[in-house]
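As structure tokens, here come the structures.
Below, subunit A partners subunit B and then partners subunit C, in two separate complexes.
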Partner chain A sequence: MDVGILLQVLFWGIYAGCIYILLATGLNLIFGVMKIVNFAHGEFLMIGAYVTATVFFFTGINPYLIILFSMLALIAIGAVVERLCFRPILGTGKLNEIFLSIGLIYIIQNGAAVIWGDKWQSVKSPYEGITVPVGPLAIPLDYIIIMVVTAGILCGLYVFLKKTKIGREMRATSQNRKGAMLVGINVERMDILSFGIGCALAAAAGTLWVVSGQVFNPYMGSIPAIKAFAIIILGGLGSLPGAIVGGLLYGIAENGAAYFFGGIWKDAISFIILIIVLIIRPTGLFGESGE
Partner chain B sequence: MNLKGDGWARMSIFGVIAVAMVAPFLSGNLYLLNILTLMLIFIIFASAWNLLAYSGQGSLGHAAFFGIGAYASTLIAAKSGLSPYFTIFLGAAVAAFIGILIGLTCVRLKEWFLAMVTFGFAIIVQTITVSLITPITGGWDGIASPRLLSPEIPGYQLLEYYSILIITIASILIIYSIMKSKIGLALSAIRENELEARAAGIDPVKFRLLAFALSAYIAGIAGALEIHHIGYITPEIFGVDLSFWPVIYVIFGGLGTLAGPVIGTIVLTIIWEGLKLLGLTFGRYIIIGVLLIIVIIFLPKGLVDLPYEIRKRLERKSH
Partner chain C sequence: MKLPEKYTVLLIAIVIIVALCAGCTQQTPASAQPTEVKVGVIASLTGPASNVGTNIWQSAQVAANEINANGGVLLRGSTTKVPIRLIVGDDESTQQGGQKAATKLITDDKVDILVGGYSSAVTSAYEQTIAEYKIPYIVTGASSPIITHRTDIDTSYIFHQCPTTDTYGQYTTTFIDQVIRPAANKKFNFSSTRPFRLALLYQDTAFGKGVQAAVNNTITKNNLNIVLVSQQSFKMGESDFRTPLTAIKAAQPDAVYLAAFPNEGAPAITQARRDIGLDTIFLNVENNDNAQFYKDLGQYGEGAIIESRFSPYTAPVGTLADAQTKFKTSYSTKWGTVPDMMGASTYEGIYIAAQAIGNAGTTDKAAVKQALVDLNMPQLIEAMKGGTISFTKDFRESQFDLWMEQLAFNQTIGECRPNIVWPDNLKVTDFVFPSWYKPSST
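Moving on, here comes the complex of A and B:
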């Protein structure tokens, strides 16, 4: 076995893992504060991807800069979805939330298909073809930028949650909703905010997906989102480090499986890992906490 | 389930059956007959999903059992030359066996973990179908499936329709008797409060597995019927759409009720085909999604609850 190839697979895995980490972190945040399961989270990734491609198409500015715009756009869309769909059914049970997500998946996917068509599309990165030598490997510059951007976003989120007043209020709501209400925190505002930020993280993932040259269509989001749920089950509900480790693990496992067994196994391997883990530990690797 | 609560709805099943008996004569249109046949098959499928949900287990991967029943029945019928009317029950047994296996992983899980495992399971089955066992499944291209009845028989579509109608009625009757029996009581006890059920001497694992096996068996029959009706099977059968449809039908009609899947499937099929006539493609899905969310928020017990909901509102106004 060639060490170079193994390293290459590892590197692809880390790059793919960045997308999962952003999705899983957003889901963790939403689950922590609202305790809801939104299986339609991947649709926000998809919208982020299309927003990025559309803005790029009309303005031609560096697509990496569009990440800010797509995140802001998705905060707004997320807030609307939370207000109209999830708030009315808050507390009616996880199954109801899942069923509602199915409705959302249909609406958002096909809404996107009406606006942008249902063909596979792709965008060319301005840094396409530029590689950076790292040891024996030639790593595309895009991959390195994506890793740095992901790390930057996570650091920003960490600082926001730990150091700002709103971040502290958000964590308080996620630890004890009633207690947070008692000390005067507007928990409904925290709901809408956490949902919006979660969507913005998905949008960032969507932008990174597009600028790295991967193809996208309106139906691309569902499976990554459900994998992101698998990641937070493995990594522990509400745990940021867990989401990072789980995301990287999934990215690497998938790319390894695709390399060694063929691309068709890419999706299946994630769920095989999930099922094996749940057979051994029905509450997830770091279970107990959460609903 | 509230068997009393949907009294009118259960009565309406008889009305539906009566209409279903004469429907083909009213139109005589083969295109419509095909839609009606598929609708019956989906009533069976939705009822199967509903039976599992009745035990508190919401599956997002029922296409797996639908498809396994279909593939197994196709392969058995093709290899043995037996009539599909016989092999659908064998194919469904394979689905039930796999259902027990996946049920074993699921019985101890939280409800939304279960949703993910079943969703993933359908993807795993599809992957295996197009990779490891391609020689017998034909990979992505699929394989031909023996028809229920030979097209040489005059009026075979009509005969097929009535045979499927009989199987549909039988399935609903069986599900009804399960729900009314002690098994049904145990299942709803587990769904409502597992701890109390346990205290009453009910073994949740045993009954959950039973629900999985029964639901997978009936879903397998539905899948086999569809494929023998169409005459061709591809791995698309394991797709997300086919996992979501029974969920949508049941939520729309009324979760955990006998009539819910029947009413939901009929109403949504009419809406779906109506929108198709209007020339909507993506728009159909959007409208179905919006309707689903409206029902979940404003009519949480589904369409079977509509008359009661209206009466409640009217009474509130008159006071």
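Moving on, here comes the complex of A and C:
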């Protein structure tokens, strides 16, 4: 078997993993702080893709730069959704959260279809056609940038959570909500912040989805959201390292399965891994018991 | 006063006879001329296939408007025409959505006939309902032969107004054998006995598997000098094709046959050329002859082949060119865009429905079905075998004349445009290998 081909498949797996990592990390951040199940998380990826494409079509700005605008826009949108939709039902039961988020999927999808239409769209990267030799491979520059951007965002998130006061308060809320309230942390502020940052990470995933040349339409977010849920369960609920490892594992496993067994196994393999991991370690790879 | 028993029996018999006669009298209006013809159109208005589905629905409206502008449908035995009313059902590009749409159109809207259907997987999911209610259905998009060949349900009310995967799979494979293979041998000084290396990338549905089966069967049956070096599948709606394309590149093909929808085909070719460096000829199924496909492909479509029977951007020279131009103009005037192939066959489907109901002289389902079986009407905007639209007696499939197009990049508009390259009686130019084309080194 050609090692170069295997390395190429591995590379495509890491690329896919980058998208999953950003989406799953955002979902995990929201779950960690608010303990809510948001099935509409994939729709924020979709909005991020459309915001990037819209700004690009109107201004022609390098789409990699638009990622900042897209993330800021989604922080604002996420804050509004948290305030108007999730906060009123917080603590009223998981069933309410599930039905609310399913309702949001339809509302956001149809809203996007009204605003942007429901045709498939794509954006061309300014770097398309440029390849970089990496060992036996000729890697398109776009994918290297995507990996670097993903790593940069994750490092930024790490610094924010570990080194800033707000980040520490957010982690404290995630670890013990009542305890955080007792020491004077405004947990509702943490809720709105974590939801906004989670949506911003989904927006970053959407932007990278767009610049990698993948097509998008208003209904694109549902499947990635399901996978993001599988990833955070695999990695451990509330665990950011778990989301990163799980995302990478999923990306590589999917592409490996598509190569060795055919495209039909691409989605199935992820859930097979999830079931195996949960049988061996029910709390996920990095999960703590009780989470 | 008590009636004798024999009078009681007589009275009851009279009441029953009167009731039956009343029933007969009440049925008369139902068999009388209807005030309108209700045509249900099943299209994917939302979901992954919404681009094509919207074209199907809009084309149906163009046909209905034309028919109604001419007074409507003239029923046999009548002197007055009745208008057509279209009712759309959105199958949401899913099997569940298709089932809902078909059931609603049949039971709630009580349509007289159905037209449309795009995805074979979706359409086959609600065929049971069609069979149960015995509604005539003219399928204008779903091209898997199982639509009318399956034997687990009664498909006698279903008629196929589009070529099947068997037909165009065989046609495209023959084109590869008769045109691309000799051209490659000549251009690259290959031996004439060298097998042509073909790879398949197909949607893992009835549609994609149908194309795969047709290609395999054509090669085997005709003992063609073509070898399938890689057969990769993907799920419907996929947008990341890099790994299957990497596997295909490793197999060193001379060409790749893509059985995909336009929203899958365009990114697949783009990723192959841009990310994988797979500089080869991509052959596409007819449903990709769609404006969005050309737009999404950009320069990466150069040299690609599309098997076709109606194109938004070209037409074979001949009597049908005017009819196609008229349809394209009507469509563009109403909707501001260009129609695609699925729209064209749906446009014809509405006319076929109107003709069948007119010939039947009634909206009675069995009579309309028989009128479709007996149909023999002049071709409309697509070239039909023998110049007429009729359905085969065995599987109720209409027979089309097909052609192959090759795309050339137009720098001015930033998109590719098609030229017919086969068959010889229709072609405007010869098939050529693009300058960047790399054949297999094997």
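Keep this in mind: the second predicted complex is superposed on the first by the 274 of 291 C-alpha atoms of A that agree within 3 Å, B and C clash if a C-alpha of one lies under 4 Å from a C-alpha of the other, contacts with A are read in each partner's own complex, and residues count from 1 in each chain.
Convention: contacts are C-beta pairs under 8 Å (C-beta built on N, C-alpha and C of every residue); 3 or more make two chains touch, one makes a residue touch a chain.
Given the structure is predicted, the values throughout are model-derived calculations rather than measurements.
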Exercise. Look at where subunit B and subunit C land on subunit A after superposing the complexes, then choose clash or fit.
Key: clash
Practice problem: With the two complexes superposed on chain A, say which partner A:255 touches: subunit B (first), subunit C (second), both, or neither. | Solution: second
Self-check item: subunit B versus subunit C as contact partner of A:113, first or second or both or neither
Solution: both
Quiz item: A:175 contacts which: subunit B (first), subunit C (second), both, neither?
Solution: neither
Quiz item: First (subunit B), second (subunit C), both or neither: which does A:129 touch?
Solution: second
Quiz item: First (subunit B), second (subunit C), both or neither: which does A:59 touch?
Solution: neither
Practice problem: Tell me which of subunit B and subunit C touches more residues of subunit A. | Solution: B
Practice problem: Return first, second, both or neither, reflecting whether A:2 touches subunit B, subunit C, both chains, or no partner chain. | Solution: second
Quiz item: After superposition on the shared chain, which partner residues are touched by A:264: those of subunit B (first), subunit C (second), both, or neither?
Solution: both
Quiz item: Of all the subunit A residues, which ones make contact with subunit B and with subunit C?
Solution: 113, 118, 223, 262, 264, 267
Exercise. Give every residue of subunit B touching subunit A within the complex, in rising order.
Key: 53, 58, 60, 105, 108-113, 115-117, 119-121, 123-124, 127-128, 130-131, 240, 244, 247-248, 251, 282-286, 288-293, 296-297, 300
Quiz item: Where on subunit A does subunit B make contact in their complex?
Solution: 37, 39, 85, 88-89, 92-100, 102-107, 109-111, 113-114, 118, 222-223, 226, 229-230, 233, 261-262, 264-265, 267-268, 270-272, 274-275, 278-279, 282-284, 291
Practice problem: Report the residues of subunit A in contact with subunit C in the complex, numbered from low to high. | Solution: 2, 5, 8-9, 12-13, 15-16, 113, 118-120, 122, 124, 128-129, 131, 138, 140, 143, 213-217, 219-220, 223, 255, 258-259, 262-264, 266-267
Quiz item: What part of subunit C is in contact with subunit A in the complex they form?
Solution: 46-48, 50-51, 54, 204, 232-235, 237-240, 242-244, 246-247, 250, 262-263, 266-267, 270-271, 274-275, 277, 292, 296, 298
